[in-house]
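Going by the order they are written in, the chains are A, B, C and D; count residues from 1 in each one.
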Amino acid sequence: MQIDLNCDMGESFGAYRIGRDAEVMPFITSANVACGFHAGDPGVMRETVRLARAHGVAVGAHPGLPDLVGFGRREMHVSPRELEDAVVYQVGALAGLAAAEGVRLQHVKAHGALYNMAVRDAALAEAIARAVAAVDRGLLLFGLPGSEILRAGERHGLVVIGEAFADRAYEPDGSLVSRRKDGAVIHDPDQVVARVRRLAKEGVVRAVDGTEVTLRAGTVCTHGDTPGAEVLVRRLREALEADGVRVAPVGGTVVSRTPRG
Amino acid sequence: MQIDLNCDMGESFGAYRIGRDAEVMPFITSANVACGFHAGDPGVMRETVRLARAHGVAVGAHPGLPDLVGFGRREMHVSPRELEDAVVYQVGALAGLAAAEGVRLQHVKAHGALYNMAVRDAALAEAIARAVAAVDRGLLLFGLPGSEILRAGERHGLVVIGEAFADRAYEPDGSLVSRRKDGAVIHDPDQVVARVRRLAKEGVVRAVDGTEVTLRAGTVCTHGDTPGAEVLVRRLREALEADGVRVAPVGGTVVSRTPRG
Amino acid sequence: MQIDLNCDMGESFGAYRIGRDAEVMPFITSANVACGFHAGDPGVMRETVRLARAHGVAVGAHPGLPDLVGFGRREMHVSPRELEDAVVYQVGALAGLAAAEGVRLQHVKAHGALYNMAVRDAALAEAIARAVAAVDRGLLLFGLPGSEILRAGERHGLVVIGEAFADRAYEPDGSLVSRRKDGAVIHDPDQVVARVRRLAKEGVVRAVDGTEVTLRAGTVCTHGDTPGAEVLVRRLREALEADGVRVAPVGGTVVSRTPRG
Amino acid sequence: MQIDLNCDMGESFGAYRIGRDAEVMPFITSANVACGFHAGDPGVMRETVRLARAHGVAVGAHPGLPDLVGFGRREMHVSPRELEDAVVYQVGALAGLAAAEGVRLQHVKAHGALYNMAVRDAALAEAIARAVAAVDRGLLLFGLPGSEILRAGERHGLVVIGEAFADRAYEPDGSLVSRRKDGAVIHDPDQVVARVRRLAKEGVVRAVDGTEVTLRAGTVCTHGDTPGAEVLVRRLREALEADGVRVAPVGGTVVSRTPRG
């Protein structure tokens, strides 16, 4: 029994701070690092890689739409070609900064509106998968189980990793309850912890109608941008480890080389 | 006798076109590709790499200051740390797009105001050299002979390449005549060709006061952004080859791998 | 009989030039000036106002989506509130630059994807109309006849101006033939001129199926971004004037005050 | 005896929050609102105007250099012409958003690196003053007493307002002690309050060497971006009012019209 806890990191920008990166990093195992399009800047990216390395946390790219003021949360009609090149650019930029710190990227996870678009739009999912494969076939691709992006990743020979959400309710078909519905987000920490424990140990989550849903999830998404976020993530990790679940980067141990330069 | 002809390429952005890339590419041997900060976008960058590969032209990164509206021509007070990370980001982004086309980067050449700042500011030159070495120690670093950036590159174990300017007048000490002085730019094509031929064959250029100056230049900067630019570059190349000078990428033959993806 | 010829102007940005503004300006009567979000920058905006003033051309704001690399042509999911504030910001910025040149804005016309979104999306149309009314109730609002934006403008007490397209084919219901269909764009200059003449004199355009469609259009959209664009616009203007049609800004004569400062 | 307390406001951007605007606004009398170049976005700008209006606080434009990632704190080599147009653009944009809320701008104060550049660079100071006068001659211009920008403002017929800094130490010549020197910033709240009281009542500040310096200051700069900033600003205001000093916008009472739209 093993699970990976991932979290969006490095979303600060210039003088602007977002997220409790330093507090949350000790408890997660994979960091999704923003790449400068929806959030992040070169200095923040590098600092985030360094912080992840210090805690043995695997580093992944978290590319987003080119929309800083909208934080990548607004859907845009990008063409597959534009998207592919934008993803390669962002992953390449982070790979460069990671290399400068002696770190090799573990994975790629799309951000915000792009994540959602890639769940259902086959052409955009294909573009992202092609981008990731073009930069490095060894990169893992994170996404919603059953989504277009995981199918696209498999077509391109990538290892794909299904992602579960610690604090989201599920429909009986394994999709997420829409945020527009009541009960979409689970706020009770005890419940969040209980659900993730069961998921890690049995691979099962209870849907809103009571159905038991089997979820193939290798990683669980946690949040680091609310006050006290680290408290929940810490509890989650401790509860899992107390249960005998190994909490570790899904791609294996992080081996860092000596930084260059 | 061998010389490299480099040219800034890929400076278009979105719907905006600048430069006669398609016309000039057949005659140069190293392309300095803009990386999205002062010019260029992911789609333009990738298209430029493809065009270079088709003509056997070596690809280099051409990082600039974060100033799109100023085209990277306005000096800014960036800190060495900010600059280092910004250069790693840009080189990494282009390296990703080049890898997607099966191309490995040959060199890095700073753009515009950054190029000039790195001639004389030791701390910024150091930051650029450290950035390049951090991404890939095999990258060549282009710069003005005798400048701080070449010294910094050598300190970091990089192979540095002195650059001569095809259409610029020189002072007796080997520096360029300031653009604020008359005669700084040589407009007569015959003279430009004659000077580059002599430089390639004898390593000598005649300064404004008639002094013969020895220049250690492995590459010559040409321009691709004026109407008919390709005519001069073509003449230059043909004249050099007629003289028995080998015109080739300074880093050796471009070997492209099969594109991935 | 009177008609206004409008054209998008001021879409250059920094070192990037787009459009044949200087060549086309003498023949149009209303300039839609980009406001820095999809194109344009403060210097270009002011220069364009000056050029318009020199030719007695009325100046209008041409606000777009915040997407410079996509030239405002990609639809984005903006909220009505975000859009309203973005339009006020852009119109205010141009109004400031125009005031600095002693010019008062005549109109507002949305750009690209925003124009299309405002044809059919009532909430976004409402946001734009509210923005325009909030800045200055004297501004005219340009839009497709029968579109949501003109309805919204009327609700806010604005004078709305229906716009016809010189080179576009029409459906029998007065809507434009989709660009995805053959024949959507009319390339024959003679036909373009003949259609606009009839529209100006009779208020009628012949649809693709031969139906005669009545169009309430006070202004006709021309293009200034193709090579030789000025030739067609000039022919159009000369043909209209030869027919006794008065070609003038829809908002009346441009009275410019002495520039301040 | 009357004094104005000004503070930078509206420096949030998209999802990023900076500053304790809601907490500080009740105690200041003039708000310097960021205009989107170094900080701020259209939504934040409008919200800030609304907040100022609710508290009877006068609204001013706070234009900066086009450097979001550097928060406008890095000097750039802009030309006077570029700067003039950039300032008109920013002031115009805020004036539009303020008009939409029925508020007329009171003043303009340059931000960060631009503020400092305009203290000593006569050509840039002239550009800013010309920009402000071009938009609206009724705008007050804030700046350091004795600086180039106040001289330029006077040449353009603007009412200029000297600004004192609540928490900065002064040299005997009335200039600020450089931040690179020890003691440049006064951290003791009691001292800050005592100094501002004396300044408001006697127009005098004690310099680092003990000299009494006469300062013609109509407004005092306070800070709103540190935790608990509102505590100091509140104390300052209460102490001044207890002394019989009237704390009010330097431009007079804020009269807001009914919002349009």
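For the reader, a short list of remarks on this structure follows.
The definition used in the following text is that contacts are C-beta pairs under 8 Å (C-beta built on N, C-alpha and C of every residue); 3 or more make two chains touch, one makes a residue touch a chain.
Keep in mind that what you see is a predicted model, and the values were worked out from it rather than measured.
Over half of the residue numbers at the chain B-chain C interface are used by both copies of the sequence. Counting C-beta pairs in contact across C-D and across B-D gives the higher total for C-D. The mean-CA centres of chain B and chain D are about 44 angstrom from one another, to the nearest whole unit. Chain C and chain D have Cα centroids separated by 38 Å.
Multi-chain contact residues, meaning those touching two or more other chains, occur in chain B at positions 41, 69-70, 82. Considering their complex, residues 66-67, 69-70, 74-78, 82, 113 of chain A touch chain C. If you check the complex, the residues on chain C that touch chain D are 36, 41-43, 45-46, 81-82, 85-86, 88-97, 99-100, 130-131, 133-137, 156, 259-261.
Across the interface of their complex, chain A is touched by residues 13-18, 39, 41, 68-71, 73 of chain D.
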